[in-house]
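Next come two complexes, and both contain subunit A; in the first it sits with subunit B, in the second with subunit C.
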Partner chain A sequence: MATLTLQQIRKTYPNGYRAIHGIDLTVTDGEFIVIVGPSGCGKSSLLRMIAGLETISEGEMKIDDRLINGLEPAQRDIAMVFQNYALYPHMTVYANMAYGLRNRGAPKAQIEEDVQRTAKILELEPLLARKPAQLSGGQRQRVAMGRAIVRDPKIFLFDEPLSNLDAKLRVQMRLEIKKLQRQLGTTAVYVTHDQVEAMTLADRLVVMNGGVVEQIGTPMEIYERPATPFVAGFIGSPAMNFMPGQLHGRQLQMGERMIDMGLTTDYRGSVLVGVRPEHLHREAGAPHRLDMHLSMIEPLGADTLVYGELTEGRENLVARINGHFKAGSENSMRLHFSERDLHIYCEQSGQRLN
Partner chain B sequence: MVENRFGLRLLSHAVLWLGVLLVALPLWVAFVASTQAEGDLVSGTLSLWPGDHFLDNYRAVLFGAADVSVNVSVARMLLNSLIMALGIAIGKITISLLAAYAIVFFRFRARMLSFWLIFITLMLPVEVRIMPTFEVVANLNLLNSYVGLTLPLIASATATFLFRQFFMTIPGELLEAARVDGAGPIRFLFDILLPLSRTNLAALFVIMFIYGWNQYLWPLLVTTDDHYYTVVMSVQRMLAVGDADVTWHRVMPATVLAMLPPVLVVVLMQRLFVKGLIETEK
Partner chain C sequence: MHPIPVFRHRWLPWALLAPQLMVTLVFFVWPALEAIYQAFLVQDPFGMSSRFVWFDNFIQLFEDPKYFESLVSTLVFSAGVTVLSMGLSLLLAVMADGVVRGASVYKMLLVWPYAVAPAIAGILWMFMFDPTIGIVAYALEQIGYHWNHRVNGDEAMLLVVIAAAWKQISYNFLFFLAGLQAIPRSLIEAAAIDGARPFKRFWTIVFPLLSPTSFFLLVVNIVYAFFDTFGIIHAVTHGGPGTSTTTLVYKVYHDGFIGLDLGGSAAQSVMLMLLVGVLTVVQFRYIERKVQY
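Up next, the complex of A and B:
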């Protein structure tokens, strides 16, 4: 039960590298925040700063109303789940889970009770006497979760906890983490580079790039109205298509085509026009169209990905076509889209215009 | 492909047996000689079967004065050797464990400098610096004492280096998990690092114990009082009799007894670290 407040948090490493350039974030009580971004964007540094494993160069960090900048990890009342689980190899599952409580000087009976209760939640009871080496990957993951839960911390921190699991287990654990967090109502900060994890887990998503926050919002807000071309290209799979265009007030010009966007902006000039692959349709239901040369087809089962080039302009294009798509002899196809599904960004500033 | 021809097997067995004989024969001869009566060994013929003075000879050296030139029992020498070897082994492990712990897990000024300073002492064996070391020990009035025997040999670059290499293989996340769990430096050392180093500790203990046990030059220098003689140097002393006859019936039992403790340590500790190797828990 806690809120986490970050004010103008910055991180500069001793070698002068600036990893984080001033982040403001407020995590409300019981919220599940996912920080997502490409490798090296500073998301792990940020999480480690919240954990107290990295020092904070500038800014204020608070849990509830307590300033935690200078506190040791153990004093912050947080629990962290690491990517490689970081279980103590020589200790049994029980001892692993009890270790934090023991260091706090909790009475033995209390430890016993807490560990048993947590083991019950995570269905770890039959494994308590085992050592980490005798567990499967999923079980180790569960023990790592247990070690975090048992301490009843104010905040859970997850550092890419699922990236060492196989695909099936990952989906399963993802659901479990979400369910657990709901059930316990504990504030959580979760770092990942996997956007499916990000979309499915988050109450709110923080998209980071190059040490700055590009956008904060619910997963659907971010999907539907990405604030910058980076967010637009990063969230969604396959990535959004970008094409050049010209904006003349409310009219968008793409090649020969004029599209009335109904915008109130008075911006005129070059823009980046984005459209998601799933918003390109073969059916003639949408008002606008474009033609593409086919180069490759990837059937995914439920959908088919069609790769190619825009006939005019030669931009690479991906479309996600419903159902089964059989390539005929023709090597080009016509796609339809609606102006409502376009994302328009200023080419210079990257600012969203619609 | 495994060849399974009779001739080849015979040959390889023969080679192996030859090797065993080569190693075992001197030991056997030493044992046989230790059971002969006084004078039998200098008579010119060496029997390959034990004589009938086993109990007499061993009882004599263990409990009586070992020799005319060494006025202390072998039991006492064994005790001295044991104290020295244990002191060196435990001291070396403690010191180098702590040194490596500091170097690997703490960020302090001149951390790398400290490491290299320790590391370059590897280049200087005890023998090279034995005179200055002797001088220091003598000035501190540590001649003829257990401290004098063990202390100068305790600092060990080798062990520090081995521990450092091992500590560096411990994943950083383990340290971080421990920090989140509220373990300070001391707790981390005792609860996590030491249990994980168990097999390394066993291996180093064996090596260091034997190193300490086999010290010859240093005890020879710092002890003049018979009561601090170690068994290895005493054997040499018993041989240095000038024109008199070597009392082989006393030297040989002392030699055999001197060999036993290291063998015992290896046999006992080997079990522990084989066990450690089988339990793959890292």
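Up next, the complex of A and C:
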């Protein structure tokens, strides 16, 4: 149970590479924060700085009110689940879980009790005498979780813990992690590049790119009002469609079409207009429309993804169509959308305008 | 089903193997058989005639206290060499593992001694410790210790142990370093988060994970100390003073070629062969099974 505060955290590696350019973040007690971003965006560096495995170049990091910049990992009272699990291969599951308690000089009876209780929560009891090599991927993952939980730390850190599992197990473990974190009420920071994991697990999401925080918010806030074109393109699958446009005060011009956005901004000039594939409809319920040339169709069962090009602008376009889509002989289709589902960004600064 | 390539030539495999087989036969099997045969013979002092005496050479060997002295010297020597070379090389490897800048230079310098021939390594150390002209002996003299390994048996033993260990450190170092670098970084980090201080991390995580490497090196080092150190001992002490550094291998040479007791020497060789056999079996049986996690 703890809050974690980051103030203007920066990381510069000895070779001069600046991995993180000033991050401010406050994680409240019991919150599940997911840091998401493409490879090399600095998310792992940030997590390792919280863990104490990397030094903090600039800024202040606090757990509750204690400054932890100079503390050893062990003194920070955190627990971390690694991508490759990092189980001690020469120790049994029991010893793996007891290791941290032993190092802290807990009495033997206490260790026994804590390990047994944790094993019970995670259904690891029959595996306690085994070595990690004798476990399946999911079981190893669970032991790694157990090792983190058993010490009852202030903060859980997860470094892409599910990326070594197969798809089915990943979904299952995802749910379990979320349930466990709720149940224990421990503050958690979770790093991933998988946006589905990010959306489903997070209380709040931190989207990072190139060492900078692009946006912080709840998953739905970020999905509905992405602050930058990067966030808009990164969160959501398939990715958002972008088209060029011109903004004249409250009027948006796309090709020949004028759309009244009802904006209060007085910005005039080139903009990027984004619309999510799921907000392009075949039904004529929405006021605006566009035409696309079809190039490919991917039926997903519940939905069908339709790929093509915008007839007037040649931009690539994806639409998510409900249910069946019978590909007829026609090679173009008309799609409808509402101005409420448009995302408008300044072409130069990337700033959101609506 | 893949088609199985058929190799039609009967003579070609043999021809390809022939050079290796010849070397093995001429330089290993034949002398070994000869040694076994010799072990049952007694020569007259001039080498003119020999007599078959069954196990007399062996019986004499086991009744000879000198042989057991030599065995004890060998054990002391091997233990010293193994402990010293493995300990130091592990220390160096752990330090080298932490080096970021100039790591390759550091490694190259540490590996260099392995390229030095044993006799030359011996001479090197002999000169450094020479009681009259050696720089180390001189330095010891300055701090009030009178070093003379030509008179003092313990000092002689210490000197050959140092010289032999020095040569083996490079080899051990390479294996230890490779072993250390094979340990995933995240394990050490996990241990750090689990509250283990560096020294404890080493003993509870790193060292157990190195145990296969360590066991392999233990066997290799014992074999080295037993059988491959003739050159060093010959160059540094000639097995002396007295017989204080006469290891089993050195005694074979000494009794056979200096003492001209060919039968007795051959019997010792046979004993050494058995010892090598035992060590090899141990190496193969346990190296892969016993030490793993």
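The definition used in the following text is that the second predicted complex is superposed on the first by the 354 of 354 C-alpha atoms of A that agree within 3 Å, B and C clash if a C-alpha of one lies under 4 Å from a C-alpha of the other, contacts with A are read in each partner's own complex, and residues count from 1 in each chain.
By definition in this document, a contact is a pair of C-beta atoms (placed from the backbone, for glycine too) under 8 Å apart; a residue touches a chain by one contact, two chains touch by 3 or more.
The shown structure was predicted, so the numbers you read here are calculated from the model rather than taken from an experiment.
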Legend entry - Clash or fit (per the criteria above) of subunit B with subunit C on subunit A: clash
Inset, instruction - Have a look at where A:100 lands relative to subunit B and subunit C in the superposition and call it first, second, both or neither. - result: both
Inset, instruction - Go through the superposed model and pick first if A:78 touches only subunit B, second if only subunit C, both, or neither. - result: both
Legend entry - Contacts of A:220 with subunit B and subunit C, given as first, second, both or neither: neither
Inset, instruction - Identify the partner contact of A:53: answer first if only subunit B is touched, second if only subunit C is, both if each is, neither if none is. - result: both
Inset, instruction - Have a look at where A:86 lands relative to subunit B and subunit C in the superposition and call it first, second, both or neither. - result: both
Legend entry - subunit B/subunit C common contact set on subunit A: 51-53, 72-74, 78-80, 82-84, 86, 88-90, 99-100, 103-104, 131, 133, 147
Inset, instruction - Mind listing the subunit A positions that touch subunit C in their complex? - result: 51-53, 72-74, 78-80, 82-84, 86, 88-90, 99-100, 103-104, 131, 133, 147, 151
Legend entry - Residues of subunit C defined as touching subunit A within the complex: 184, 186-187, 189-197, 200, 204-205, 208-209, 211, 293
Legend entry - Sites on subunit A touched by subunit B in the complex: 51-53, 72-74, 78-80, 82-84, 86-91, 99-100, 103-104, 131-133, 147
Inset, instruction - Using the touch definition up top, name the residues of subunit B that touch subunit A in the complex. - result: 171, 173-174, 176-183, 187, 191-192, 195-196, 198, 279-282
